[in-house]
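The structure under discussion is supplied below as structure tokens; questions concerning it will follow.
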Amino acid sequence: MTLRKKLYEIIFEAETKAGKLFDVVLLISICISILVVILQSVESIHVRFGSIFYAMEWFFTILFTIEYGLRIYTIEKPIRYIRSFYGIVDLLAILPTYLELFLAGTHFLLVVRALRLLRVFRILKLTHYVNHGSIIVKALKASRFKIVVFLFAVVNIVIIVGSAMYVIEGGENGFTSIPRSIYWAIVTLTTVGYGDISPSTPLGQFIASMLMIIGYGVIAVPTGIVTSEMTKFNKPVSAEACPACGQDGHDVDAKFCKYCGYKL
Amino acid sequence: MTLRKKLYEIIFEAETKAGKLFDVVLLISICISILVVILQSVESIHVRFGSIFYAMEWFFTILFTIEYGLRIYTIEKPIRYIRSFYGIVDLLAILPTYLELFLAGTHFLLVVRALRLLRVFRILKLTHYVNHGSIIVKALKASRFKIVVFLFAVVNIVIIVGSAMYVIEGGENGFTSIPRSIYWAIVTLTTVGYGDISPSTPLGQFIASMLMIIGYGVIAVPTGIVTSEMTKFNKPVSAEACPACGQDGHDVDAKFCKYCGYKL
Amino acid sequence: MTLRKKLYEIIFEAETKAGKLFDVVLLISICISILVVILQSVESIHVRFGSIFYAMEWFFTILFTIEYGLRIYTIEKPIRYIRSFYGIVDLLAILPTYLELFLAGTHFLLVVRALRLLRVFRILKLTHYVNHGSIIVKALKASRFKIVVFLFAVVNIVIIVGSAMYVIEGGENGFTSIPRSIYWAIVTLTTVGYGDISPSTPLGQFIASMLMIIGYGVIAVPTGIVTSEMTKFNKPVSAEACPACGQDGHDVDAKFCKYCGYKL
Amino acid sequence: MTLRKKLYEIIFEAETKAGKLFDVVLLISICISILVVILQSVESIHVRFGSIFYAMEWFFTILFTIEYGLRIYTIEKPIRYIRSFYGIVDLLAILPTYLELFLAGTHFLLVVRALRLLRVFRILKLTHYVNHGSIIVKALKASRFKIVVFLFAVVNIVIIVGSAMYVIEGGENGFTSIPRSIYWAIVTLTTVGYGDISPSTPLGQFIASMLMIIGYGVIAVPTGIVTSEMTKFNKPVSAEACPACGQDGHDVDAKFCKYCGYKL
């Protein structure tokens, strides 16, 4: 086995002891490096430990750069890796530090490293989590058409109500422009309700009340969509595949394969 | 084919090449015209580009007026079109600009044009979306009686709690009138919580707490209503029974009866 | 038929023409009298129309007092009516005006009249609404044990987190006492979030974040409870009763009565 | 029967009259002692009744200490009790008063006594509540993998959006550090929306709007998870199949098979 092959097994797989160790070290490094970025933004900590943190940031960036290089070097089809979701995330996780040299403030974007943690599920062979995660993803995918229709309705409501409030309340009450009024409408419809902008005129308060009740009731729609899809995917399906055609996903009460008619 | 017939095909249908082009141009025009209205309301943009935007607004209004005229001219039953939902929306989408000549500020109501975008689903033959949208509409329709009962209960709670808070908290704490207190009760029940009015007395805070917990729990009711209807309409089960054993409830992708193995 | 019997039919029933008229007049009177109370609380309206509204309030109170008297007079078992839900509401709907003579401010409690509107469903024979309303009530009743357990958990969380925040944040940040901190915890857990009290210390903000995520996720529990009950009551049940034993509520796919085994 | 055995029955069981009395007295004592702690934190009450409440606190603490001692003395396996959930709660319920002697302010932690109230369900033989509570617990347990995946996604979103907002809005608008921005992101995503920190720049408001809509829609996910599990556990369907035709899914109140009419 060549060195390249060996390195591939360590970096990309988690079957061998060395591969597992690599993954665990990687995960811990990612966590620490995120923590460093977060803490660095706190004024009092930055003043005391700024230089240490600065060094740590460069240390982790160089570490991840080497790792990124090794990944490209060891994999069979490097282009495919670079273009994959994980490849892009791995690149985004090192770029900000270099960008910081030219553009101040960008290094906080390093927190995008958090996305690298998604590997944790694959690495630790947490198949339970992967299965359950995939049910969520499947349910959301099946709901995508309905969710687009729903979002379209929400955007329409928000634009129309936002503009109406701009006309009714006007700039003196904080509704200084339609975009700002739309922002207010979103804050209200989603029941967040900061209170940085709030209606003062009786008519404005009446329309706001309507919008709140709509928002309060309308949340039932996405919930209904996702729940009904999730119930569908979550139904007890037999674990056994059809011995004749190999298809699975049969109902627990099925006595014959629904695809080939073979007796189960 | 007469010109009128040809124009009808272009304007109302999307089968021919010209018809498709017309629809796409229309959709883009609507989007741009909405954007113009929204941006015009931003002070800094209005100062710089006010006259350009004013010209664009008139351009789009005249365009949509011509389109509205052609729709009436080409269709068989113009009265029916004028009275239809789309007919009313098409009219409302041009009126505000003309109204602006007499009444300042009304032209912001042009955003009602957003409703014209509803055509997008029909035009682009997004049958997927239309189907899924119709499931939402069907579920909401089936829930309408329950939702009216629910809204009736909400209105009752809000009036009674609002009035009680007016008596308890009084004007010094922001509860200056019953309508305003009802507005506060809606803000609280729907969990929006602006904080522009909030209780200060211990008793008021206690009642507010009760109202919040009710609002927090009560949201389960519309959600439950819509979800249970949606689950019903969302069934992925074939409507056909097995011709051999008469059992139904087969999956839509089933090729053989799961109970007797008969070919469906 | 005696006068008493005739009056009973007019007041309590809605079969005859006179009975229907009585009910419609009553509903309108209730709505107007509530509106009067609400508008009277608005300073500017009170100043201008105070005396008219005062007269109207007494007019409606005397009207409802007469009606209440007639109800007691005409019904067979007056004690049972007085003790019933509607009897108590009818009494509460007239008391505040008389109380006002001794205790200022209480007349706003007249809005309790809103509860009288519950009759609207029975009066107008809106059986659709009554059926659907009863599904909601049945689902909530079936959920009552689970909801009590849930509320018990919420109360526990709120007391413990509230007290912890009192110790951590202290009076300078608005957490001046444990009851007030519990109020804050409820405002936060139910995602209302007024912002009249909000944590300032890092530890306080961390605990608040945890509480928010709990509140955000925990809303799934009452929703899940009510939805699953509602789905149960909402399932398509055959409209036909068993011809042998007369029991109904059979599943649509039932071929034999589940109570007596008779072939349907 | 030895004294130790008798005491065991009184303290740990609720079959005998003395045991029931003990439990009721205990529950009332817990409630009063919690109330004492809560009221003691209110300045005006503390000033007037401080010394009485101080005495009561010590009284209850000594009472619970004796009870704790007796529990250890009378039980067969004291180590197991001490390590059990109830054992730890019982200890935590008395410690803070003693700690107060060394560390001021800790005695407010006495509210942890609220957890002791969990016994109420077991004591009062409220099997209904216990059953229904266990359905909630079972549904939550079955959902645990999906909930972890969901929380992981939420944490990721919150870290990335929080950091982005720190860069965009900066310290002048209240986003003084990444931890504080993450706190804001949680406040927004969970739709709490205090408004103590809120975006001021157009880009910040746009990102906040996206986050709100995500938060508003994403709540559908935990709700969907818990609801679909709860529906599964909440089935009112008999576990037994028909002995004649083998079909299952009968209602629990069914006396005859709905498919073949055989007596169940």
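In this document, chain identifiers A, B, C and D correspond to the written order of the chains, with residue numbering beginning at 1 in each.
Here, contacts are C-beta pairs under 8 Å (C-beta built on N, C-alpha and C of every residue); 3 or more make two chains touch, one makes a residue touch a chain.
These numbers were taken from a predicted model, which means no experiment stands behind them.
Look at the contact of chain B with chain C and you find different residues on each copy: under half of the numbers used there are shared.
Greatest Cα centroid separation from chain A: this falls to C. Between the chain pairs B-D and A-B, more C-beta pairs are in contact across A-B.
Mean C-alpha positions place chain A and chain B at a centre distance of 28 Å.
Spacing of chain B relative to chain D, judged by their CA centroids, is 39 angstrom.
Residue positions of chain C with contacts to 2 or more other chains are 150, 179, 182, 191-195, 215, 219, 223, 225, 227, 229, 231, 253. Those residues of chain A whose C-beta lies close enough to touch chain C in the complex are 191-195, 223, 227.
Listing the residues of chain B that touch chain C in their complex gives 145-146, 148-150, 152, 155-156, 159-160, 162-164, 166-167, 176-179, 181-182, 188, 191-195, 198, 202, 205-206, 208-209, 212-213, 215-217, 219-221, 223-225, 227-229, 231-232, 248-249. Those residues of chain C that touch chain B in the shared complex are 34, 37-39, 41-43, 105-106, 108-109, 111-112, 114-115, 117-118, 121, 128-129, 131-133, 135-136, 139-140, 147, 150-151, 154, 179-180, 182-183, 186-187, 189-196, 215, 219, 222-223, 225-227, 229-231, 234, 236, 253.
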